[in-house]
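Naming follows writing order (A, B, C, D, E and F), and every chain is counted from residue 1.
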Amino acid sequence: MSFPVKKILYGVGPALGLTLLASAGLAQEAAPMAEAAAAAPAATPVLDAGNTAWMLTSTALVLMMTIPGLALFYGGMVRKKNVLGTMMQSFAVTCLITVLWMVIGYSLAFTGESPYIGGLDRPYLTGHEKETLAGTIPESVFMMFQMTFAIITPALITGAFADRMKFSSMLVFMGAWLLVVYAPICHWVWMLAADGSAVGFLGQMGVLDFAGGTVVHINAGIAGLVAAIVLGPRKGYGTDNMAPHNLTLSVIGASLLWVGWFGFNAGSAVAADGRAGMAMAVTQIATAAAALSWMFTEWLLRKKPSVLGIVSGAVAGLVAITPASGFVGPTGALAIGLVAGVMCYWGATSLKHALKYDDSLDAFGVHGIGGIVGAILTGVFAVKAIGGTAGALEGNTAQVLTQIYGVGITLVYTAIATFILLKVIDLVMGLRVSPEEEREGLDLSLHGETIH
Amino acid sequence: MSFPVKKILYGVGPALGLTLLASAGLAQEAAPMAEAAAAAPAATPVLDAGNTAWMLTSTALVLMMTIPGLALFYGGMVRKKNVLGTMMQSFAVTCLITVLWMVIGYSLAFTGESPYIGGLDRPYLTGHEKETLAGTIPESVFMMFQMTFAIITPALITGAFADRMKFSSMLVFMGAWLLVVYAPICHWVWMLAADGSAVGFLGQMGVLDFAGGTVVHINAGIAGLVAAIVLGPRKGYGTDNMAPHNLTLSVIGASLLWVGWFGFNAGSAVAADGRAGMAMAVTQIATAAAALSWMFTEWLLRKKPSVLGIVSGAVAGLVAITPASGFVGPTGALAIGLVAGVMCYWGATSLKHALKYDDSLDAFGVHGIGGIVGAILTGVFAVKAIGGTAGALEGNTAQVLTQIYGVGITLVYTAIATFILLKVIDLVMGLRVSPEEEREGLDLSLHGETIH
Amino acid sequence: MSFPVKKILYGVGPALGLTLLASAGLAQEAAPMAEAAAAAPAATPVLDAGNTAWMLTSTALVLMMTIPGLALFYGGMVRKKNVLGTMMQSFAVTCLITVLWMVIGYSLAFTGESPYIGGLDRPYLTGHEKETLAGTIPESVFMMFQMTFAIITPALITGAFADRMKFSSMLVFMGAWLLVVYAPICHWVWMLAADGSAVGFLGQMGVLDFAGGTVVHINAGIAGLVAAIVLGPRKGYGTDNMAPHNLTLSVIGASLLWVGWFGFNAGSAVAADGRAGMAMAVTQIATAAAALSWMFTEWLLRKKPSVLGIVSGAVAGLVAITPASGFVGPTGALAIGLVAGVMCYWGATSLKHALKYDDSLDAFGVHGIGGIVGAILTGVFAVKAIGGTAGALEGNTAQVLTQIYGVGITLVYTAIATFILLKVIDLVMGLRVSPEEEREGLDLSLHGETIH
Amino acid sequence: MKLIMAIIKPFKLDEVREALTPLGVQGLTVSEVKGFGRQKGQTEIYRGAEYVVNFLPKVKIEVAVNDDIADRVIEAIQAAARTGKIGDGKIFVMDIGQAVRIRTGEANAEAL
Amino acid sequence: MKLIMAIIKPFKLDEVREALTPLGVQGLTVSEVKGFGRQKGQTEIYRGAEYVVNFLPKVKIEVAVNDDIADRVIEAIQAAARTGKIGDGKIFVMDIGQAVRIRTGEANAEAL
Amino acid sequence: MKLIMAIIKPFKLDEVREALTPLGVQGLTVSEVKGFGRQKGQTEIYRGAEYVVNFLPKVKIEVAVNDDIADRVIEAIQAAARTGKIGDGKIFVMDIGQAVRIRTGEANAEAL
């Protein structure tokens, strides 16, 4: 572990100048991640209706993950007085990020030639003509598909500070976080040149992240952890009964996350082909394996298999397979799922209670831990025949280090940037609702509504 | 506004004889709306699996909008004693319209050469062989896709008379309304000849309605307004507490409407291509913009941003972008959304309370107003490069008048026909439940069931 | 009826050796059921992105049927104290079957040349390369699509023994049932050779089952009936109030089943073509017809049209059209739906109460009866131009007998195997929770959670 | 002091509350209850299984008042809650030995 | 008249109600309550956080009866509600000063 | 014996319960109620329709105690439930004529 730690230390700083060193030491062949424009760089790309059909569908599926999926998953876990406020966070984030992505976010993430950040030259989706293509699909579809990722990532964070953040501050934070944290990291990992080669520095280095282990889950998980610590625990945490008020909502939510995740992972092939099919299969297998491994672990340790446990395990599996989904095969997926279920169970129970932060709905425990597990194991189980890159099991042990490096960079950058953003917002407008508002519940105090 | 009013007056009458005059004065090039058979009129059309895949998916998405989407959106807004009855209305309308559409509705809407109404020669889907195509997709898929539109339109009306209509009368009304109001208007706007040219008189005139601003939303909104007035307000309206009993249901419903609307709008391209992609993108942008503009308006005026507000705004945006979705670009969508959010907020709050009708769940306030805003602004923001027709901003100011004309015709025809239908049904079998049934709630009194 | 009865008697036994006799007497041309590899046996199959897009989507839709669809449909019908336990059954079955299907189930169902059972030579999806095709789609997608069928079938059974089975025993039973009952029956009906000809003995015999009338619904329905009888009725059955606690959940569930069923039936075409389109259309029509026929029957006999009634009718229609969906046209679908609604109403009310078993949520009453009605009527209404096989109405009366034969074999095999499995598990670990646990409710006693 | 407990039809609650204000009643406490009595409930039918709902939704009002206005309060409740149809409910009156306002510690008459 | 308040296990409600009918009790009022007592609740565990549920679901029956049958009513409730296991509940008896039937205005014994 | 009925703010329930244990109170019964009083509720706004919520969520505690500890129980409740802000609630005390433990048939003091 000493090597990546060193890398992490090197890797942080304004210019992150160690790219050269690292690319010499670590980089394999450039792994085309999202493959937006990857197919046949020589011939003029033409629109493929089949691929476009699948990407339109995938976009709808990924939107469904956030609303209503995540809104329900989180909404069912809070106390009754906060359910509307919690669901509203996912919904409002969806709206806010949509507009910001269109105004400038997409430009920051997916234009330019810098390995660190995109340009400002395509605000308001300038240059999106009806005919513009990204690979074999319209660029408008690629832009939309990526937008749904930009939406769910901040929405995931809301689980960490449930029940206590001001709605206004939450909006400001999420908007800033999209531009300052999400857009650059997305660029580092997924920005490709027209010829399909990686532009972002993590992509160039060969970090594998098929559908968002670092960009989405580690990113959101770490941001959530920082937010939970900065905001402090809920009033009554550890003494009051904070049992989830209605887990039927969480079961619906987890199920829609699962179904929608096929768009997330298999959609990241940006084609309706064998790689998409394999991504869907490994997603299903890892998810089921993690759900079972969480369930049996809890059954063993706590005597009862809980509904919250099995659905949490499923989400843990979905998270962990995300970076791996275009790179590993069925047995790799099974292994990743089994490990992720146990590790996230530990993250959401022992670790959280040992360290005493109040990550209310386990944004870090599930997405942070699951994302890290998945990112690293991608380096272990990657199969050359599937994604073009071999993993440690096929002899390429360096890939594990590359993966750890990617995790480290993301982790450190997110943690620092999130911390600064939150502190600034706290100074300017405050982060937490008043104790009275918190006691009364967000539904009534912030939104003037309640479940009758 | 004097011009369209005159047009509206002209435009009404049994034969709607002003077609000639109007087509001389207003019509632009014929805008292929649903483009069923538009592609390559010269060559023999062949089935495209990619387009078919997207249209199969779109059909599923649009069905999901009504059940469970709309059923939940409406069901969450009524009082607890009416939730099952309200959801049942959407479900029963789905079943009833399916059978009627198959028996004769599709024939009335999509056959024949008359500009006013389809023929009776394809009852029971006669002539739907497995191989019959509509453009590049099987006709069975086109028929199904259109069926889901025919289902949601009457289902939307149920929001206006929630909590007080007899279930039997509702079924009779909806069946009659499909044949007398929906099928002809659908024919006027969307019926195309085999060569892709418009057959219906509004289509011929160049009225732009990509996915149903007039056919679906204005139509349902106005019918709802008339129904709300004819039935009269709910017992206790204005005095009793009629707060929505469970807005979590409405959030799920609004979210599924949003996701499903990708099928509605992007599916209206009847292909998986750049126009579909652009339709999806502008749908997303307008929806988010309208949700935010409703939310901020309410926040400003009422001090709190409500959950019901943001989801209502989203639906308002979805409605307003519907006619525009294949014709405008991202910035046009942003503008349409921002305007729609504010206007529908005004429609569902000030206007309704000023005029004192009880449009219980704001079928008119959201769908009527939103549809009118969207239809007119389509004429402003249409981009020639996207949908083949320029709007006022590109110099074609006449398009705005054409749009207003289309709105006017729809509005007047729907209002009169709906009024007559309701009055006749009232005479024959009565429209309202008894006061005791209304007090006890529809769930128990009409359906013998309740939420425990 | 004497003929099929004789066949049934013959048809049972270790080797089911009457294949020869039966194929001489009954078999028509081999009907390619799932047509996995059917297209163009001569030319090398190539991947079709459009077909693949639709099959990826269909897989997502069918998974959505089980979670959250079925989980909600069943969850809303039980008493409040059992809702989480009921939803958990569907969720846990999804996870368990996923892993088992990957480990050996797929190999047992879809490999080998025996007409009775698949081989053990492709455990852990051995041989699934990224490029392997099944017809025009990747084999990984075919495997996933079939997996979702293997998931929902056992999940359907849980409705029969709701509120009283031990969770551990349920898992063991479901795992064993998949391998001992589902995998072979699936093989009998749907296993095709590379050239598209039937391998399984029921397929060879010409039994028509497009999307799972026998394999899924009769199978699950009969297993449910046996389970309901073996476990015995719920404590308080017939005296306590066991009214569904929240039918809003069931309406959502039924709606998602309906939407997802497009993937089930139209997806069974394994292509985005005219047959898929027709399958979708007939699914919609039969479902609506059955919903209305159940509703009007109940309205007539019980004075009120209930929400539970209309949604049950819809599910009955979905079940009944399942085997027929690739073989019949719109009017056949209408007839099948109308009959299924009435028959399943009778099954779930009169029949159940007359025979006094406690099929709690009518797994048999809806899926068993509906599946049998559909399987037989497929033989009546099949249209040669649609699915390649004529039915009785087109003169091929023998097809009805073939269908009855298929029903009989399935029914007897399932009943016996399910009975034995349950008895063995009962001996080893017990099937029922204790009376105290049952009274307290599964949520708290088995899972340690509750709805607050 | 008296504790007046009234079991009424739910939709009469607001009328009853409004009828008490002019009498100087400044507070009351309400519970959702289920009543069994002469009034018979609806039958719910679920797939052929009939459940006669013996218990009907009622609202229970508990209001503590001084002895001097007790009779008028009882009359006001009876007048406001009455529909004349079966199931209108009952009023029961009990003695309160002691009353305390938690916020201030005030006792008895001052506490109400 | 007496107000008999019984706190019982929820699943015993129907038995208790049936036990009272032969005694001439024509009405009663039921509330869902939560009881704290010697009986200990289940532990719910959510991702490692344990909540011992101190309050268990109980049903409270309030029934007003004439003095002459009060003892028999108490006995009947006790017999019907008893399981012999901890948590069976309690019966408390209080005096009612006055009773009114809202529908008719009948008072006291006639009101019940 | 006394029946002490306290209407308090919901979030004070656990504190009140804990305050009673040292006094030897071994059981109590709790209901969710809605209170109308001097404390005014929030306004809910739904698409422009405003509903002032007159009834606020409260919790009603009913606890039967022997006469000797009644005063201490009342004091303990008042102390634990008090926030000093409007809406803290009330305590009413009534006489219990008889008490029975259902499980054992024990009566009065032994029944509690």
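The rule is short, and it goes like this: a contact is a pair of C-beta atoms (placed from the backbone, for glycine too) under 8 Å apart; a residue touches a chain by one contact, two chains touch by 3 or more.
Owing to the predicted nature of the structure, the values given are computational and were not obtained by experimental measurement.
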According to the touch definition, list the chains common to the neighbour sets of chain B and chain E.
A, C, D, F
Between chain B and chain D, how many steps is the shortest route if every step has to go to a touching chain?
1
Interface check for copies chain A and chain B. Shared numbers divided by all numbers used: above half gives same, below half gives different; which is it?
different
Return the distance between the CA-based centres of chain A and chain D, expressed in whole Å.
54
I'd like to verify one number: the distance from the centre of chain A to the centre of chain C, where each centre is the average of its C-alpha atoms, in whole angstrom.
36
Chain centres from averaged Cα atoms put chain A and chain F apart, in whole Å, by 47
Report, in whole Å, the distance between the mean C-alpha point of chain B and the mean C-alpha point of chain F.
53
Multi-partner residues of chain F (each touching 2 or more other chains):
31, 44-46, 94-95
Which residues of chain C are in contact with two or more other chains?
48-51, 53-54, 57, 243-244, 252, 272, 302, 304, 306, 308, 448-449
May I ask you to sort the chain touch graph into line, ring, star, complete or other?
other
Chain pairs that touch, by label, are A-B, A-C, A-E, A-F, B-C, B-D, B-F, C-D, C-E, D-E, D-F, E-F
Where on chain A is chain B touching in the complex?
47-54, 56-57, 59-60, 63-64, 67-68, 71-72, 75, 83-85, 87-88, 91-92, 94-96, 98-99, 102, 124-125, 128-132, 137-141, 143-144, 147, 167, 249, 252, 272, 443, 446-449, 451-452
Listed in rising order, chain E residues that touch chain F in their complex are 2, 5-8, 31-38, 54-55, 58, 60, 74, 77-78, 81-95
Along chain D, where are the residues that touch chain B in the complex?
11, 14, 42-46
Given the complex with chain E, which residues does chain F contribute to the contact?
1, 3, 17, 26-31, 62, 64, 94-103, 105, 111-112
Per the touch rule above, chain A residues touching chain E in the complex are 77, 241-244, 298, 302, 304, 306, 308-309, 312, 348-350, 352-353, 362, 365
